[in-house]
Structure formats: structure tokens, C-alpha cells
Amino acid sequence: MRIDVGIVGGTGYTGVELLRLLAQHPHARVRSITSRKDAGTRVSDMFPSLRRRYDDLVFAEPDKAGLADCAFVFFATPHGVAMAQARELVGAGVRIIDLAADFRLKDPALFERWYKMPHACPDLLAESVYGLPEVNREAIRKARIVGNPGCYPTAVQLGFLPLLEAGAVDVKHLVADCKSGVSGAGRKAELNILFAEASDNFAAYGVKGHRHHPEIAQGLSTAAKSPVSLVFTPHLTPAIRGIFATLYAPLVKPELDLQALYEKRYAGEPFVDVMPAGSAPDTRSVRASNVLRLAVHRPAGSDMAMVLAVEDNLVKGAAGQAIQNMNLMAGLPETTGLEALPVLP
Amino acid sequence: MRIDVGIVGGTGYTGVELLRLLAQHPHARVRSITSRKDAGTRVSDMFPSLRRRYDDLVFAEPDKAGLADCAFVFFATPHGVAMAQARELVGAGVRIIDLAADFRLKDPALFERWYKMPHACPDLLAESVYGLPEVNREAIRKARIVGNPGCYPTAVQLGFLPLLEAGAVDVKHLVADCKSGVSGAGRKAELNILFAEASDNFAAYGVKGHRHHPEIAQGLSTAAKSPVSLVFTPHLTPAIRGIFATLYAPLVKPELDLQALYEKRYAGEPFVDVMPAGSAPDTRSVRASNVLRLAVHRPAGSDMAMVLAVEDNLVKGAAGQAIQNMNLMAGLPETTGLEALPVLP
Amino acid sequence: MRIDVGIVGGTGYTGVELLRLLAQHPHARVRSITSRKDAGTRVSDMFPSLRRRYDDLVFAEPDKAGLADCAFVFFATPHGVAMAQARELVGAGVRIIDLAADFRLKDPALFERWYKMPHACPDLLAESVYGLPEVNREAIRKARIVGNPGCYPTAVQLGFLPLLEAGAVDVKHLVADCKSGVSGAGRKAELNILFAEASDNFAAYGVKGHRHHPEIAQGLSTAAKSPVSLVFTPHLTPAIRGIFATLYAPLVKPELDLQALYEKRYAGEPFVDVMPAGSAPDTRSVRASNVLRLAVHRPAGSDMAMVLAVEDNLVKGAAGQAIQNMNLMAGLPETTGLEALPVLP
Amino acid sequence: MRIDVGIVGGTGYTGVELLRLLAQHPHARVRSITSRKDAGTRVSDMFPSLRRRYDDLVFAEPDKAGLADCAFVFFATPHGVAMAQARELVGAGVRIIDLAADFRLKDPALFERWYKMPHACPDLLAESVYGLPEVNREAIRKARIVGNPGCYPTAVQLGFLPLLEAGAVDVKHLVADCKSGVSGAGRKAELNILFAEASDNFAAYGVKGHRHHPEIAQGLSTAAKSPVSLVFTPHLTPAIRGIFATLYAPLVKPELDLQALYEKRYAGEPFVDVMPAGSAPDTRSVRASNVLRLAVHRPAGSDMAMVLAVEDNLVKGAAGQAIQNMNLMAGLPETTGLEALPVLP
């Protein structure tokens, strides 16, 4: 079985991570990769880490990339690109996995408010599936378009879901204190993510509102079956990869066995690891792998639940989850090509 | 005016930071520094950064250091050392600033529970003053013994105080999500703080209870005039210096102007900088300086207050605050020797 | 085909890296792993990154580990351990790959001088093979004992070899200016490799002599067919993984086409990548992979050759090269289980 | 005594470092600072580390900054700016310290070849003084224009000078293997100095020729009284600040006592610290200070000299040395305002 894959916008960290992971995939073959700006450049000239594996792969102009002949196209582009090309590709029988935000928010008005552009294809948005396998596995299998979750939303949703589904917490006082490695900001020439600015430093950002807020709230509200109120604070930590989400919520069912709740909810999940009671996960324990690890706590002397969740923002938070979705859509075992262990140290 | 100073236990990060800062102080003179283990070693042989300024200073055996002839003695030691020597020194007229925990918790039973040793001098503990100048300035001036606050407690208390003093928040649901640079763990040969373990990583720790919890709760409860319930989560971030505290509390007086509250509370404070509304501080903006910066927020769509506070754990969180206390005790301007700007980048 | 593998001393970075890489190997099965100090501990409790793959693997007492039933035993131990157990294991038909220094220096007297212990089995040392496949491939295939090269020696030898074999440089003035990530110092609780010491810092070390010097000199002298004189300066750079070797030598055959020389020497080598003329490699381009990349330069206005070589010290510099050797010894394709691409960013 | 100072181009790392250091200077007062792009912005809004000390200082348009009324003007600008304004300012009696390259290379043709622009004022270049106090102290005192040395050239020249002045080495085979922290690349939005690119990485750069090469060669040739041949290899190390220069040269006077040579050459120098024989300096031992530390070695088994030199690229390699020059020019003690100890850890 061979799966022809196209990647639109392959010069960012999500793109190079897709290439790294797909090289381990026994069925996928990257047929084409596009970049308007770098068309003609060999991929391995831009990313020497890919030398000897992708020496024949050259960035192509988007309209000459033969995307319509691919079985799957990943969009590793800025917001707005996937929705502009979706109708044509879907019409050609291509299945789409968008790693940007075009197919994450189900409400087009909400999309427009946060992304400052009208949605180009609300009908396709309506049929698209939010690509969080732990929630939407069956729908993903049949989807033509998958909106791959954001990095923060993956960690925060998987961290909170068992509590919300069980009605265990006060959904009006949720706090998600999140820390991200700097690669989450993308491969963009911007001052605040320079080494000399971000190293040996710790900063909050997006304090006036972050685009992942509505995406998280959408997922949590669905799980809770009622609108949630969430304070979401992203911070930048001087690491390349990794998201650490520390989640707080007042318990309304204090008698609940939280450890059992989490273990039961995620039993059988190939990529969610509920750690033993009392654990303190760290981001390096998932570095370069598709695993999300979490630990649930009830801090002494309080009536709060606390959840600690870690993931690699470029893998479970982006490219790895996209391939997990592709596996589901293609009828492959969900873990195909995603079994490499984390890199530690 | 010359102030003779002794330092007990000078081989850790707090000790070398005291030496760095005192070198800039126009009145203090480090007369002696002790280390049982490294007695006979020149200070500048252990710390080449001190070469040419402290070339005559040699680590001395504690009992040969002439501490009783000093005006001030700083204890930069493990817990338990200062209280064992306090009575003799105080009796000799020496004033003590303890950078460990011996004089932080006013309740000897609480001290014993968290530090696993009985308090050696409850009477001196009773007369000692908790060295947070923004709260206890006048008492510090006259104190014979000052318990210098811990690094986390300084940031969390100064961050929460205005809200608590104003009765603005629900004191039963306080959350302090704190991130510390690795120097906060001290200069100890331990696996988990190796570069190859702590770099490119982010971790929670102390999830089963951290010794700074009772110290923080003591200060917050005093300010609130009622016992508080606090979830305090320390994390390790891959930076050398810096504490970042993200504080959350449900507002009970939603009409309050939080920005004005904070600006008024800290007006005139030389080392607390309330940033403009909407600010996101970062730890490097206080690196190597005695300033604590904070910003107060009311996140959109929630009824919570959020405070972001940053400090250098070795300066305002330890050695700098200790010198600030010494200045007060000596009748000097509080900022003497502490005016160097932060080192950025 | 199944290859039963034992690992002696699995609690260091080399040990956990062997486990990570062997999990990707289609034929190897880790049958036992030893640690005297941590016997009884589950491997995945010490290294959460290994959870779900090695959950049944427990550190065993060395004498209860059934090592004699393994086809291959890797020693990831301090120097001196492998040579003490080699005779018994070899007698049982086990083939040994020692990642320490016991079988690197062919001269027992030289070993004793640098490692301060007599060699325990000079006869086995004599038959053992130095495990640098690019030099000793055929001998490795048949070896019973392989001395796996050190991290610096791998990079410096592969960097200099073509020049020396071609008689192109003055072997009396070789300079190897080397920079290593901190994991090269091992997983040991020592002050100088603490995060707060090694981060945001750059240091030389071993300036009075480093144990890799005689190993490098042995290999270079063999290649040059005459004794070389080498200045070897190791430095510590604040990265977890990676060795960067900058090599200098005065040219005695200035007419030589260095680029062609290197490309020809390493044509067909699966793990040595000669980059195009003018390239500047970086360590992240080989992070977590078994590739060594190099570039050869002739700096303008000088008569020197300069070579830049990068490797991951834990992979091509240790565990990966050990598996490469195992593949050769087992008659497998040399790249088996070692094809994962570098992790970038 | 009050010295009015102007800074042209204050938005880079050199600019903010000048402000940090000048705040400690008892006589200097920053009267104006310019930035065409950020005119109107408060300095402390861009750099919160400067809050409360520079709250009244606002970036001004260059032509409205009243530079002609300053006693000293520092140019912390790209190459080419200082030489365009020098004649007018010097005519107004202002003394200039250029931290860019306009007044470093004495040969205008060499300047044009490396900087791709003709020199605007060769006559002023001829009278200007190269601002390395350890070489040109007396000339600096009287200079109207000082070309402040580059960061690499400061370390490499001070490291090699004693050997060259003593005729101790073969000047045809000098090697300077240099490692710089990332702040040396400036505060510019460029991909290769992003945190996610430069962290956990080590890279060579400028392998085809670096602009500091002719500057270094000029100084070394002057000291040697004959043209030198130098291989200069810059590398990027994942630290914010710091330059580490490892220097190699074949000895031609092997009987020389190198330690004594260096101690004698730098006796009395306030900012050059010759460490004891056998020392291995590290960059953090000079972090944020104006000290350059060095150690000289004769590696065992070779006939080479090796020198290890460390400096903070933003202080002794830029802003600190500029203030050292200003002190000399103003007739102040050379160390005025530059006595703060290094920040360690």
C-alpha cells in the first residue's frame, strides 16, 4: 500500500517535522511539497537534517505541484490558505488535513472574529471534522477534511476532558496556565523569539487574548455540555519543543477518584499516558514523540483538581497528530510510523 | 561609615551573590566568610568572577571567623544553622539576617512539621521580624533578627497583597502557578538539576507539598485577616535566574479598579514596579537586579483577577532583599548599593 | 531473526540511548539490563520516556541478569568493568561491545598510564577490534570483542583520516579544537555540569590532558603511518547533545583537491556525509541520528586545511555506533534500526 | 563634573548596554539617543529593564537630537553611519566613539573591499585612533575619533599580543578558533539566530571570510612588525553573551616562560586578568563585566602555544570598552563606572 502525500507550505517547523515523521512511515510517500517563496530549492539544502533521504524533493510552485493527484494533502501554511484550496482538492478526491486554523472553529462568525477574515467555505467547514482522535475517532475515519487541533488546545482539552465529561468541576472557574517552547511561535524572523531575547528568560504573552482560546472553549464546552469560562494564559519558556499545561478547576464532586477517572477515560488510547498518582511529568519525556502524558492531582488543603499535561508541540501538537489522523482516514493502524520513543536526554 | 559584615556558608549561589552585591555597597565590608568544608580556600579561587576584588578573602572555619565582631551576619546556610548560632551572636550585639527558613514561620510547630527539626530558640523566633520590607518596614529597622523571605514567597506575597488587603478576592480559591530558574535549587550536586536534565525541558516539582507553601499562606492569611486556601505549584524552567509567578483568584469585588489598587499600594516602593495596564513582564527585565515587576489583569470573559510577577530569585528573592533589610536596619537609604540596572540581554 | 541483547550499566545516558535506539531495531530484543545500585527498579520508572515500551524491563543485579545467554552484551559502564567480565562472557559465546575505554587503546601500558589501572586481559585486548566501521569494517564483522570509540575520537578521526591517509598535511602540527554538549560528561551528580553552571556559559576543560588524546593519536598515527603530534582542546558548550570538531593542519600538498579527496574517501559510507564545498555544518543537523557530517575548507590566505565535523555524541559517538557495530557483527545491513532522521528543530 | 553623552542608534544590544553601564557612571549623563525608526518611543517602553532610571529618555530623530551639544557621541549603528556624520560633529567639538567598523581599518581600500562602500572621510580615518587601550592608551587620551574594536578582534588581539610582541611564534600559522554568544549577531530579526535555530546547537559561520579578519590581522601584524597569516573561524554557541577565543601558534622560542611573559605584559592593566598557570577560564566569569580573562598554555607533547581568552562581547567587546575609551579621553580614571563584578551564576 502506498499513500501519496502532498505538503503545502513546507518551509516551517511543522513542514520539516512532517517530513521527518513521514520518512519513518512505511506507506506514505511525499510526492510533492510547495513553497511559493522557495520554489526550486532542494528541501535538503534548506534543512540539512534531511540530506540523503529527501535529496530528490524540491519545493514546487503550488499550482505545479500535482496536489490533485495526491491521496492526502497536509496544509502547513498560515491561516486562510487551506480553505481557499479546499473545494478544488476535495472535488478531485483528495483528503485534506489542515494544520492551521481554517477548520477548527465550527462557527464561521467566531472564525472571522479571531482571524480577521471571512470563512471561504462554510459548507466544507460544516462537514469537516475536528481532528482530536481521542474525541472524534470515528468521524475522522470518514472525513474528507480534518481540522488538526492547535498545540495548546490538544494539551488543554485532553487534560480537562475527563473532569468535564464527568461533571466533576465548576466549569465557570477553569484555569489553564500553559507554557510553550519557542518553536511554537513558528519559523519566522521576529525579534521576540530571537535566541538573545528568549533564552534565559520566561515571559507571558497574548495576555489580551490568544486565538487558541475560542478553540479550547469550544472543545471544553462540548465536553461539559454547557458553556465554560476559562482563563488561558500562554507563556514562553526557553526550550525548543514542548508544551506544559497546568490546569486548575474547583471540584464539585470531591468524592470522585480522579486517578481512576483518568485511567478509565484513556484506557486503550495509544498516545495518552496517564501517569501514576503523584507523578510530575516533564516535557522532555515526550520530546520528538506523539505521546501526551498527564498526571492528575488533588492539592492538599484545597478543593481543587490540578492536571499536569505535557506534549511535544510539533508532534502530538501538530505533525504527529496529523499523521495519526491520516492513519485513521486511511484505515491503517493508528500508530503507524509514530512509534519512535522520545529523545531523552 | 563602615559596616563590618560576616557571611556564614558562602559557597552557594546566595553567598556568591551577596559578595557580588556587597562589592557595590559603599559602606559594607565583608570581614569574614565561613565554610567548614572549604576552609582555607580563597573565595576567588572557587569563584573566578570575584578575582581582583576579593583576593584576600579566604573561607574560614566558622569558629575562627570572628563573627561576633561583625555588625551584621548573613546566614546563607541550610536550614537549622542560623537558629543554632543566633543566641550567641545576638548576645554579642550582632544583628542577624537569615536567608534560610529558621526565622520565617512564626509558629514553631509549623516549622517543625515542615523542616523535620524542633526550633532551637522559640523566644528569638518570637522577636524576629519577617524581612519583607513592603510589609514590615518599620519593624525591620529595629530588628535584631530578620528572617529573609524565600524566593517564591516574595513574589507570591507581593503579587497577591493588594487584592487581599482590599478584600477583593475569594481567599478560598487562590492559585499560584510559579516558575523558577534552576539556580533556585541551589549549588548542589544533584541529578535533576544537571544541564542535560534541566535544559530544553519544563517540569513541575514538589507536587506533594513545598516548604514555601506554609510561608506564603502565613503572609497571605495575615494580609487577608483570615486563613487562605492556596494551590501553589512550583515548576522548573530552563533559565539560570528568575521567578515568574502567575497568580489567579476569583474576584468578589468586580467593580474594583485593579490597576489603581496596585499603583496606590506600591506608590513609593523603591523595588516594586507596577507596570502599565496590559503589560506582560518577563524575568530578564529584572535579571541581576533587586526589582520585582508586576502586572495585574482581568482576563476577558472571566470573573478572575490575574497577576504576573517577576523577580530575580537570587536578588529580590534572596541576597538583594537581605541587603535591603540590612540597609533598613543600619539606618541607610534602602536602595544603597542596590541600584544597578538589570542585565539585558 | 531475533538477537538477544544485554546491557550492563544501564542508568547513564549511553544506556538509555541504547534502549531508545534498540526499540527501533527490528531484530534486537533487550533481554536484560543491569544496575547494582538500582536493581529492582523498573527502567521506565527511572526514565518515563521509556514508558509503554519497556514496562516489563527491570534493572537486575549483574550476576542474576543471565548475560551469558545473550548474543550480544553492551557495556555502558565506567572504565574497568568490561575487561573484568570479558573472559567469562566470551567463553560463553557472548560477543561484547564495550562503550567504555577498556578495549580502545591497543597498548596496555598506555591504558594503564591514562586510566590508572592495569589492564585485566591483555590477550583479549590484543584480539579485540577498535569499532570504527569506516576504518575496521571487515575486522569488526568477525570480532568477539569490540572497543567502541569515544565520542571525540570518532569525530576527530573521521575528520582527519582522508588528509592523513593521503599524506596531505604536516602531522606534527595537528590541532583539534572540539566542543561537546554537556551530556558527554555523563549522568553524574557533579557541580560543574549543573544547569546553573553550564548554561549561558562556554568553557575549556581537560587542558592538562584528556583521556581521549591517546585514543585519537593512536588512530591518527595509524592512518598517517607515522606518529602524529596533536593539540586536542575539549570545550563544553551549553547544548545537551552534539560534538563539533574544528580541525586544523598545515597542508604539505597544497595542490590537492580536498573536496574530491573527502568525497572519494567516504563514498558509499552510510553514516558519513561529506557536505558540499563551502558548507558550515551544525550539530542539530545530526541530533539524535547516527550521521556524522563534515565539510572541508582551505581558508583564504593560509596554507592550512580546516575540517568541520559534527556528530551526536550519544549516537555516532556512542550508542548508535555500538549498534552499527552489532549489525556488522550479526551480518545485518549496517543501517538496520539506525535510519531515523535527525530531530530538527 | 558632568559629561553630556549622545547615543546614535540606540535600539540594538550595544545601545541598551551603553545605557545600562552609563547609568552606573558617576559623571556621564545621557542627553539624547536617536532612532529614526522608533523616534517618539520611550526608551523604557522598548526595554523595560530601564524603567525608573530612564523614564524621561525618548528616542529622537537624529537631526533633532542636539548631538552637537554633547561632549561625546557614541555610534551604535550599522557600518557607514558614523563616517557620514563625523566631520560635522568633530567640527562642533564633539568627540566620537564609533562602535561600528568605520574607524577600525586604517587602509580605506581595505575598508571598501570588506564593507562594500567607499570610506567617506579618509582624512578623519587617518587621524582616528583604534580604541584598544592596552595598545593605544596614550593616543586614545587625545583622540577626537576613536574606532572601538570589534568583539572578536578585542579577544584575539589581547590573546596573541604578548606572543607576537616577543617574537615567540611562527606568525605564518596562527589559528584563532572563536566562539561567540548569539547577542554578537545583534538585535535583528533573522532566521538563523532564532531561539529554535540557535538553541541546543553549535555551528560555524562566516567560513568564507568574516569582516573581523582584516581588523585582527591589522592589529597582529602591527604587533609582530610583519604580516601575519591567520586562520580565523567564528562559531555560534548557544549563550546570550560571551566570546571564547582559543588561539594556537607554533612556538619558535620554546624556552620562553609564557606565564611570565603574559603576567608582565598585562601587569597593571585594570581589565586584563592573566589567570594562574593551568587555568581554564569560562565566559560566565566575565559576564556583564569589562574584564578579559586569559590563560596561556603549552600543550603536552607539542611545540605549540595555546591561549584561552574570554570576554563579554557586549562589554569589553563593545559598550564597556567604549566607556573605557571615553574615560581615557575625558581624563577620568580608566575604570570609572566599570567596576561592577561579573554576574555569576
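By written order: A, B, C and D. Residues from 1 in each chain.
Just so it is clear, contacts are C-beta pairs under 8 Å (C-beta built on N, C-alpha and C of every residue); 3 or more make two chains touch, one makes a residue touch a chain.
In this text, all values refer to a predicted model and were calculated from it rather than measured experimentally.
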Comparison of C-D and B-C by number of C-beta pairs in contact, larger one: C-D
Chain whose average C-alpha position is farthest from chain A's own: D
Cα-centroid distance, chain A relative to chain C, in whole angstrom: 36
Between chain D and chain C, distance of the C-alpha-averaged centres to the nearest whole Å: 39
Interchain centroid distance [CA atoms averaged], chain B/chain C, Å: 45
Chain B, residues touching no fewer than two other chains: 13, 181, 183, 187, 196-197, 199-200, 238-241, 279, 281-282, 284, 287, 345
Topology of the chain contact graph, where touching chains are joined (line, ring, star, complete, other): complete
Of chain B, residues touching chain C in the complex: 13, 181-183, 185, 187, 189-191, 193-200, 238-240
Chain D residues within the chain B interface of the complex: 13, 16, 19-20, 23-24, 47-53, 183, 187, 199-200, 240-241, 273, 275, 279, 281-282, 284-289, 291, 293, 314, 340-345
Residues of chain D defined as touching chain C within the complex: 172-173, 175, 177, 179, 181, 196-197, 199-205, 207-209, 229-233, 235, 237-242, 244, 246, 248, 250, 278-284, 287, 295, 297, 299-304, 306, 308, 310, 345
